[in-house]
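Here chain A shows up in two complexes: once beside chain B, once beside chain C.
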Partner chain A sequence: MHIHAYEKLWLAASVLLILLLLGSVTYGAVGPGVAMVSDSEQPVDATALDEDERFSEPRVEQVGENEYAAYVVAFQFGFQPDPIVIPEDSTVTFYVTSRDVIHGFEVAGTNANTMVVPGEVSEITVETDEPTEYGLICNEYCGAGHHVMEGKVNVVSQAEYENQTSGGDGE
Partner chain B sequence: MGRNETAHAPADDVSGDTEEFDPIGTLTLIGIYFTILVLSWVYIYYIEFLGRDLVVVG
Partner chain C sequence: MSEAIEGDRTFVDKFPEEARIVRAALLSSFLALVIGAVLGIIQTLHRTDVARIIPSTDYYTVLTAHGVFMVISFTIFFLVGLFTWAVTRSLDRPLIDIRITWTWYAIMAVGMTMTGVSILAGFTDAIDMSADVLFTFYAPLQAHPMFYAGLAVFIVGSWIAGADYFRTWLAWKRENPGERIPLQTFMVLMTMAMWYIASSAVAASVLIFLLPWSLGLIDQVNPTLTRTLFWFFGHPVVYFWLMPAYLLWYTVLPKIAGGRLFSDPLARVVFVLFLLLSTPVGIHHQYLDPGIAEGFKFISMTNTMFLLLPSLLTAFTVVASVEYGARQRGGTGLLGWLTDLPWRKPEFTGMMLAGLMFAAGGFSGMVNAGMNINYMIHNTIWVPGHFHLTVGTAVALTFMAATYWIWPQISNKPIYSRAVGLFQVVLWFIGMALMSNAMHAQGIMGVPRRTAEPEYSGFEYATMFGGYEELNIQIAIGGTLLFVSTILFIGNLVLTMGNPKVSGLAETLPPALSGPDDAPRVLDNLRLWVAIAVTLVVLAYALPLAAIINRGGLLGPGVGTYPVWLAPGLDALANAATPPLAGDAWASLVEVVR
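Moving on, here comes the complex of A and B:
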């Protein structure tokens, strides 16, 4: 079969393009460690979150050296705790669940973004850098007040974080 | 007529390596298209996606 030299050229280019796409996704997973939202969490009883040890009192707690867990409850129409205060330069795992309908959990302008399904716990782990304030929005239509459903994720300095937790926040 | 001319060409092609048909314009267009694809992929994935804060790692 005769294939024109130019055609060989762009066939090779397409194969190269596919390899580049696959290669960069692989690089993302291996290098920076980009991962998907975990589905390993056990289901919870959405109607009895107040009896759940993690979600009866939505909070941020230290679970290891420089590792924090944030237990967040989404509801019509807001997030608890609000604001979610986490320290800089740390690894934070968000455990998010809903007590009513399907919500979204999107830290605006970042890659932290997951669906929040009642009865399920969405788990995402992120790494924080320097202190900043992020907006937190619901990106799944959840009812008449969907457009006002928002929260805050505040990344604060280590000192400020310790100050806040030892000072006893009123949550 | 026209048929005779086209019937002539393949016989030529099979025997010789000389490319009579030379679509340099198409090659240029495809080249530009590929460059745009590669540059936008690099921008979207490496700069926009990986460069954003709070990369999900688990």
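Moving on, here comes the complex of A and C:
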């Protein structure tokens, strides 16, 4: 079949564009190390989270030098803990699950963003820098009160973080 | 070929029975468009806090109805109308049995009425019925059973419509042995083949899981499984909306421009690619889902990026065909020919502006498709910004523009005011440019989609391309222009229907510059393409679905049920939430809910 020369050129440019797009994503994964939310965590029983070691008491805990784990429960219509207090210049892994319907977990203005599905645990790891207060919002419709579902992620100085954890329950 | 046969007779002169059903389908489509537009303006003004005339809890009823009426009812009724016209016209024979045709139309209308009523009942407390689950109806939020049942009935109706087109083609084939499938019929058959594959998953999800669950026959469902089955259907359905627009761009637009299609074989190649690649990509809507391995997401992304190819090829072919038209009309120069196009025709300008916006939508779609940039915009208002360019303009504006051309053909009535038509399509473009651009910008700021009140008490959005409030104003103005544009369209059409019938409106569609004889025969081998398409779908979905079922079980790993349609359910839901959080906002919400 006859294909016009310009059309062949266009076709080649199109394929090149597609390969460049795929290449840029691959670079993002292997270079800067942007990992996708994946199936790394085992399923949980969303109706029995109060018996779950990690989610019966949603909290932030230190798991290594400058490494923290935040266990977060999303529900109609809020997040626990709230605020989520994490220290500056650290690596924080969020483990987020839902005890009722599907929610979203989005730290507004950043790329910390994941779906929260009942029965599954979303794992995302972020790097914090300077102390800032971020808004935490549910970005998936979850029922009539969806728009009031918000929380806070407070990145605080190391000193303030230690002050809080030694003084209370970390919330 | 068809040129000689058509002569001076319009479609309705030759096929009055078929023309009647095309008109019925188009009017059903436009009814949904009007309802959708009213809901759309309520939504725009509510979200942007310009005017909140409904309680925020009802916003989600509005949102569900806007979504379902616009992308299921408006688009698919237009599609079956257009396809009925295209098959009959290009085969130049009537459908095999008009009673079957009316049957599928009736089934689709009944199904959509059931679903529509179940959604709109959400506005009143008088009946225990609601379907505030949005167009995506993610479990474990649960709608009234009639919502799911209506969707299933509607889809079955669309399947019978597809069978009607296939049987008519087979009858034509017996009468015309050895002939190439006419291009429009080829496009219809490919699209319907894709639809059978895509809609099978959502039909299975509804019939096996969601409907029995909403009837209380099973206790729970697996949210990741039903979500994945939704997106198995949810991405190809966007091509189901788009294919009729492509059919118009390939076969009608070049003629309006004064020329003819550049290449028939490439048009066939494009539709084959859509059949093959539309479905094995749905997981790209689930990049941020837990419980699905990264590798499956990467495969889906690769397929998605290659799905750009048929659209990029279309951009070339359509522009080339229009340029050919302009040069036939005496256009010259590198870009000078652009001035020799019929810009005063609403059907031409509308389709060209729709195509231009589709290019913009394509670029924002590339961002969506990029797995790791997706973190930035997932579930933000960027996404509705994107699909208001694609389905909301490339499709909707093409349909409206095409109506100015096709309505006289199916009714023998000239358009009431073509000047108003031209104004209307341009207004749509301006309104959408404002609204969609501001939505994209807000999305990058992190403003979420699907919420009644995107302003929060705990923080404020960073300022980027203009402040949050300023962008809100752009969205509100844009949405208002779109509403006015829709009303002008409908008003013009209603007045057209009151016009007396005249003769001499017949239009013909010339064959392509490079005709079907240049296309390899294998392109017309439907069985082969369907077999490859099914294989690709199995390759893309067998392992993810098996993994999801293996992880959570067919009915899920312990998940509750959250009916939105039972008043006691709302109480239970309110009691289930732990009170110490959300404070006053929560208290006022409970009040509103009761």
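Note that the second predicted complex is superposed on the first by the 148 of 171 C-alpha atoms of A that agree within 3 Å, B and C clash if a C-alpha of one lies under 4 Å from a C-alpha of the other, contacts with A are read in each partner's own complex, and residues count from 1 in each chain.
The criterion applied here is as follows: a residue touches a chain if its C-beta (ideal position, glycine included) is under 8 Å from a C-beta of that chain, and two chains touch if they have at least 3 such contacts.
Only a predicted model underlies this, so the values are computations on that prediction, with no experimental measurement involved.
In the superposed pair of complexes, A:Asp129 makes contact with chain B only, with no contact to chain C. Of the two partner chains placed by superposition, chain B and chain C are both touched by A:Leu21.
Of the two partner chains, chain C is the only one that A:Leu11 touches; chain B does not reach it. In the superposed model, A:Val85 makes contact with neither chain B nor chain C. Put simply, more of the residues of chain A are touched by C, taking chain B and chain C as the two choices.
Shared-chain residue A:Asn139: touches chain C; no touch with chain B.
Of the two partner chains placed around the shared chain by superposition, chain C is the only one that A:Gln76 touches, whereas chain B remains out of contact. Touch criterion not met for A:Val156: it reaches neither chain B nor chain C.
Contact with chain B, but none with chain C, is seen for A:Thr93 once the two complexes are overlaid on the shared chain. In the superposition on chain A, the residues of chain A touched by chain B in one structure and by chain C in the other are 2, 4, 6, 10, 17, 21, 24-25, 28, 34-38, 109-112, 123, 134.
Chain A meets chain C in the complex at residues 1-4, 6-7, 10-11, 14-15, 17-18, 21-22, 24-25, 28-29, 34-39, 41, 43-48, 75-80, 82, 100-102, 104, 106, 108-123, 133-152. For chain B in complex with chain A, the residues that touch the partner chain are 13-14, 19, 21, 23, 26-27, 30, 34, 37-38, 41, 45-46, 49-50, 52-58. Taken in their complex, chain C has these residues touching chain A: 56-57, 59-60, 63, 132, 134, 138, 140-141, 222-224, 227, 262-263, 265-266, 286-294, 297, 301-302, 305-306, 308-309, 312-313, 316-317, 320, 366, 369-373, 375-376, 378-380, 445-454, 456-462, 514, 518-520, 547, 551-552, 556-560, 562, 564, 570, 573, 576-578, 581-582, 585-586, 589, 592-593.
Here chain A touches chain B in the complex through residues 2, 4-6, 9-10, 13, 17, 20-21, 24-25, 28, 32-38, 91, 93, 107, 109-112, 123-129, 132, 134, going by the rule given at the top.
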